[in-house]
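Look at the two complexes coming up: chain A is in both, with chain B in one and chain C in the other.
On to the complex of A and B.
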């Protein structure tokens, strides 16, 4: 089950859309969360395999780059990845920190806010943030909007992909494939309330065992997340392969959010938006490389030359028309 | 396993997977349990959560187990006996042992012969010309009735307790630091944690795997671990024991069914060439109690043996032909192991080789020798579901398999077989559980179950014998083969044959009928030595009874809440889940502690959460020992003549060691390496020295792969695509190697190339004043499959094995490393 069929799951937010969300069918729907307890993870990658199997993903057989992590990065065919980091503290004590990296399913999703394609990104009442690829225009704004660097654009179909939190399984009352597979119970799935409680229990346990900074990672900067971690060193999330210590939606995306609200009949702003995000992603004054479409290349260049403020103003004006 | 049987009586994991969750302390040593057994590892995590258990990981590297361990230390590969021997010394000298257990359930009080001794690294009776021992002095003193003399005060200078104490007094903490390379402070902290489980109601479980087994002293390492568990009173109890984590899903089944060259099913033994006399063969193995009243269950050997011969030869096996004893092969060598076989093949003494579910080119030591040996065969038959390297040993794959095909005349036959998901049957897990499984998919193409291929072979051989005659047709022509489809015997029929049947009506001593002719037996207690029962594998008796297939049971009820699910599948022997579980109760029959209740005496019989591994009506007052397979009824610190290198484990260096000499016996060149190891001269010539090959190497598996199979599977290959070796940062800096560089690793026997994983997880060790670097080499990848093709790791490893099992020394050898 993919795409619009999932609308059955009671969408509460929809990218680039002014249509109000349905309100009625929320009885009994609770916010869910996946708890990843890093202190129980042995890095076996069973979750990675289960994810590939359930979602019919087959990445390329790559190469070894000199670390256990493989593939080396998320991709349209790798929705989640075990990232291995050898961390030595000031006393020289070594820890092999292994973090399962995947979409955090933010309560305030930067990707959704950034997305200009109506309905390409949705948020369900249970908290899952899902991509509907058939509406995706491949602009890549979700990449810029994401504070965790998660979405990846396919070279094959120019659409964005990421972890769905197995929204299809969850809709049918099943846990995500990774949680189902995890042999040590490092991945758990349930209501967010229960997961926070479980996380608090594990935090106490770890504190008893000498991890005085153990804690839950559920960052407020994005309104909390529906994927939460138990970390042995919650004071230093960055040692877990650069987990951001205070993730926030970039100010540009926030600004863009103000723009999109009134601006729904998409045609209008697209070129302006493109320029805005081109700027946001790539910075100013970049020459398009061998753009196959000369007209678009010109437009891009023109947009690049506008200041961001100007771009926003343009967008705003066009939106009012 | 060759270390467990001489200590406890049976060569099998003492406890079971779920039971690991009952431990108070988990020692993962000689294995990387999280890496190689990630699913079973859940029970370690349960123990941490449920009992607040701590996990100690002792390994040459900081591993995936280390990542979740509470205490992580790195040891020089091959020195585990020094660490454990030091622990024994520490426990004895600080008197942190489980006294009541040790006195009642072990051999500490037994008195050893005066002639027995140990001098400068060698036990009495050594013959340096043959590398063997005359073991006649490795025995007890006996009284007039033939029972062992004992001194319950433990003061006799030759009682086992005093001898053991003296033997391990040399294993000081400084020796441990010097030989193993673990700072003494860390050693002490680990020992203290372990010593806490000497109290009656706390247990440590030991998890080990091939990291203990694959050394020239592997069986003795395992035995040392088993001895530690006796001293601490941890064997037989929930959450205790010595747990051999098996590396193949059905490798326990392989040894159970006697597929080692010197075994018969159920751990019975093939006779040697000198044993032409049936009565003599039985008498030697039907071991009688050495202390009054003990069980010594092997005394029933003849029942098991005769029932086996009836299963194999039916009516042809009769008392007057000694149940076809003459038809059994007799061994001219102690073991026709892989090193021996490939040595003979290499010498051109083998015509053909059947390779069933085995990939010798990749899996056996010294790949170049293996390749040369295979090239000398007339024919090679490979039965496998996959296109394995061995079947293409003759084909040039560039540097990965650099052979000249035009010079190889071996004819190779490939017979595709089904894989585990394509047939019915049972798989025996580490915990001795026989779990029935059902075919999930039909086999592809022409693939057939192994048994069907073997049936076809048998029928062709029989036809040839009938039509053309032959030197010794009887054992082949008379084999019973009463399956509904003789060309494809069913798994159900075979399982019932292993379980055993009554061949005539059988009666108990009061002439009450126990089983009618043709009925399946309930257990091995029904087996007879008079030819009235047949049984293909006595320890499996009870797996498929008149009540049906016990292996297919799936009731996970756990009435005592300690992970004893007796209705889930079936475990040998007799569905007992924890071996020697009589020892889980005090001598008076009460549990050692409320958390350790397993079986106990209820005033009339033994009851509890498990099936008692004990005569269930034998009262505590009778004082029968819990180790019912041992002739003395107790656990063995003193191994007697059961091991090749001596009754007490002693440390010897790996055959390729990064240091000079054996620090325990610096002045005795005969005691540097295992004095009883068998080394063929050609193999010895291929050993390297630390001068040319300065780094200690060890090999292992990764979670992402299973040997050389999963490199044929896309998902596994995506997860870990390419061959790598692990090198510590300090060595990498010395050699100018950076993460991701290509390196060449060479030993005296050849070289491989791989990507360098440069890691903080391998640290240089200080050994007897010198810095020793260790290099880690995963075994996976070959020149077949969908993963990136790579060199075969066993190009590097030496062809020398453990003196008891001949398991190759894959875990300790020498290499050089260069950047390319």
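On to the complex of A and C.
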């Protein structure tokens, strides 16, 4: 089915294409979200295992660098990663902050904006941002466009890979593999509305427990995300392994794909038109009569008129003489 | 036929080609709507309920296998996930349980009975029938020789101390009950569960 057409009304945006999808229906498709409650996570990595099992990924066995994070970074074979972080608060208390790092499925995805390959990145009506490796050209612009440093280019097939939020499972009415397996309920899945409500409940609970700055991480800079966190310290997300406090699509990507692209398209179109009209009015360009070296110009012109093979033969004959 | 192209024509063709391709790149000729959803890998799979083999929590598992059990097909498990209807785990699995597929498919997994004869250092493959017969024979001989009805003070004990029994953790309550019944009826006292080891 990969590469086949699905109900196209499920697609609300696709990379490098201005062809709109049919969008007649209104309603029926709820935005979904995955809620990651960092305060409930025990770092068992069941989600990592379930992810690689579902997606048939087996990353290479890495090396231990003295921390529990394993493997050390995301890769085309590791769509998600538990990043372990030892944080000492102002009172000197140690907190073990474990963040599940994966695609945030932004409502305004930087990867999709940056991608030059038509249809290689699509956004579904339920909010999931998916890569279609069939159309990926491996340029790596999505890596530059992503404010969360998520996509990875495969060395094997030079295509970009990342978490799909189990778009296949969700499309068939199931929850993502990571959310299903989580033994502590730190990962939950549902409509974005329900997850925000759940997050608010957990935030209140954490505040009662003394985490004054507990809150939901759903950054507005990228239009909100479909993977949201409950953080004990929502005022400083950077302590969770550099979670950006105000993620935005890089201004370079914005400028290049936002203003420059249509502008440049218009410029190219205009110059083509101008060329056409110039040709229609003025006709083809002709050699000036007062050539500084008329004899040489004549010889060159004669050479131009000849076919390349003939020119070569002539040159050969000249050489023999 | 060889195409005769002069230098000028070549440049013109090149320029035209570049112009049209850059026009297409700039979005003047949008591709047809392209989309795909990943193929859902569980459609039509046979689902078998089971209990995780690892620990004494006994989480419920759904084993998805290819093949519907018809006469000419050999089933093969290709996906495992939690059983949402299981009262213990309600669909969740720990990392070991979530990765049990690789345990099932492991090359080093023992898939048939083996025996190491006394004095031998070699493991020899035997059939299930042979294995069960051997175990029954050994148990009978050992029980006949070592079963005690009374201890040294003359108390009635009916015990069999020279053999132990190790049960698997992948058991339902009912299996555990029956295992207990059989083992205790034989008089075995050394009785444990693999999950506790």
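Observations on the model:
Everything below uses one rule, namely that the second predicted complex is superposed on the first by the 246 of 321 C-alpha atoms of A that agree within 3 Å, B and C clash if a C-alpha of one lies under 4 Å from a C-alpha of the other, contacts with A are read in each partner's own complex, and residues count from 1 in each chain.
Here is the rule we go by: contacts are C-beta pairs under 8 Å (C-beta built on N, C-alpha and C of every residue); 3 or more make two chains touch, one makes a residue touch a chain.
Nothing here was measured: the structure is a model prediction, and the numbers come from that model.
Look at A:251: by the touch rule set out above, it reaches neither chain B nor chain C. When the two structures are aligned on the shared chain, A:169 is found in touch with chain C, with no touch to chain B. When the two structures are aligned on the shared chain, A:44 is found in touch with chain B and with chain C.
When the two structures are aligned on the shared chain, A:53 is found in touch with chain B and with chain C.
In the superposed model, A:183 makes contact with both chain B and chain C.
Of the two partners chain B and chain C, more chain A residues are in touch with C.
Once the two complexes are laid over each other on the shared chain, residue contacts for A:134 go to chain C alone; chain B is not touched.
By the touch criterion defined above, A:95 reaches chain B but does not reach chain C. Counting contacts by the rule stated earlier, residues 44-46, 48-49, 52-53, 58, 183, 185 of chain A appear in both its interface with chain B and its interface with chain C. Residues 39-46, 48-49, 52-53, 58-68, 70-71, 86, 88, 94-98, 183-185, 205, 209 of chain A are the ones touching chain B in the complex.
The part of chain C that touches chain A in the complex is made up of residues 2, 4-8, 19, 22-23, 25-28, 30-43, 79-82, 84, 89, 91-95, 97-99, 101-102.
Remark: chain A residues 1-6, 8, 10-11, 14, 16-19, 21, 44-46, 48-50, 52-54, 58, 116, 118-119, 122, 130, 132, 134-135, 164, 167-169, 171-172, 177, 180-183, 185, 261, 264-265, 268-269, 272, 304-309 touch chain C in the complex. Contact residues of chain B toward chain A in the complex are 34-35, 38-39, 41-42, 45, 49, 62, 64-68, 70, 72, 703-704, 714-724, 738-741, 755-761, 786-788.
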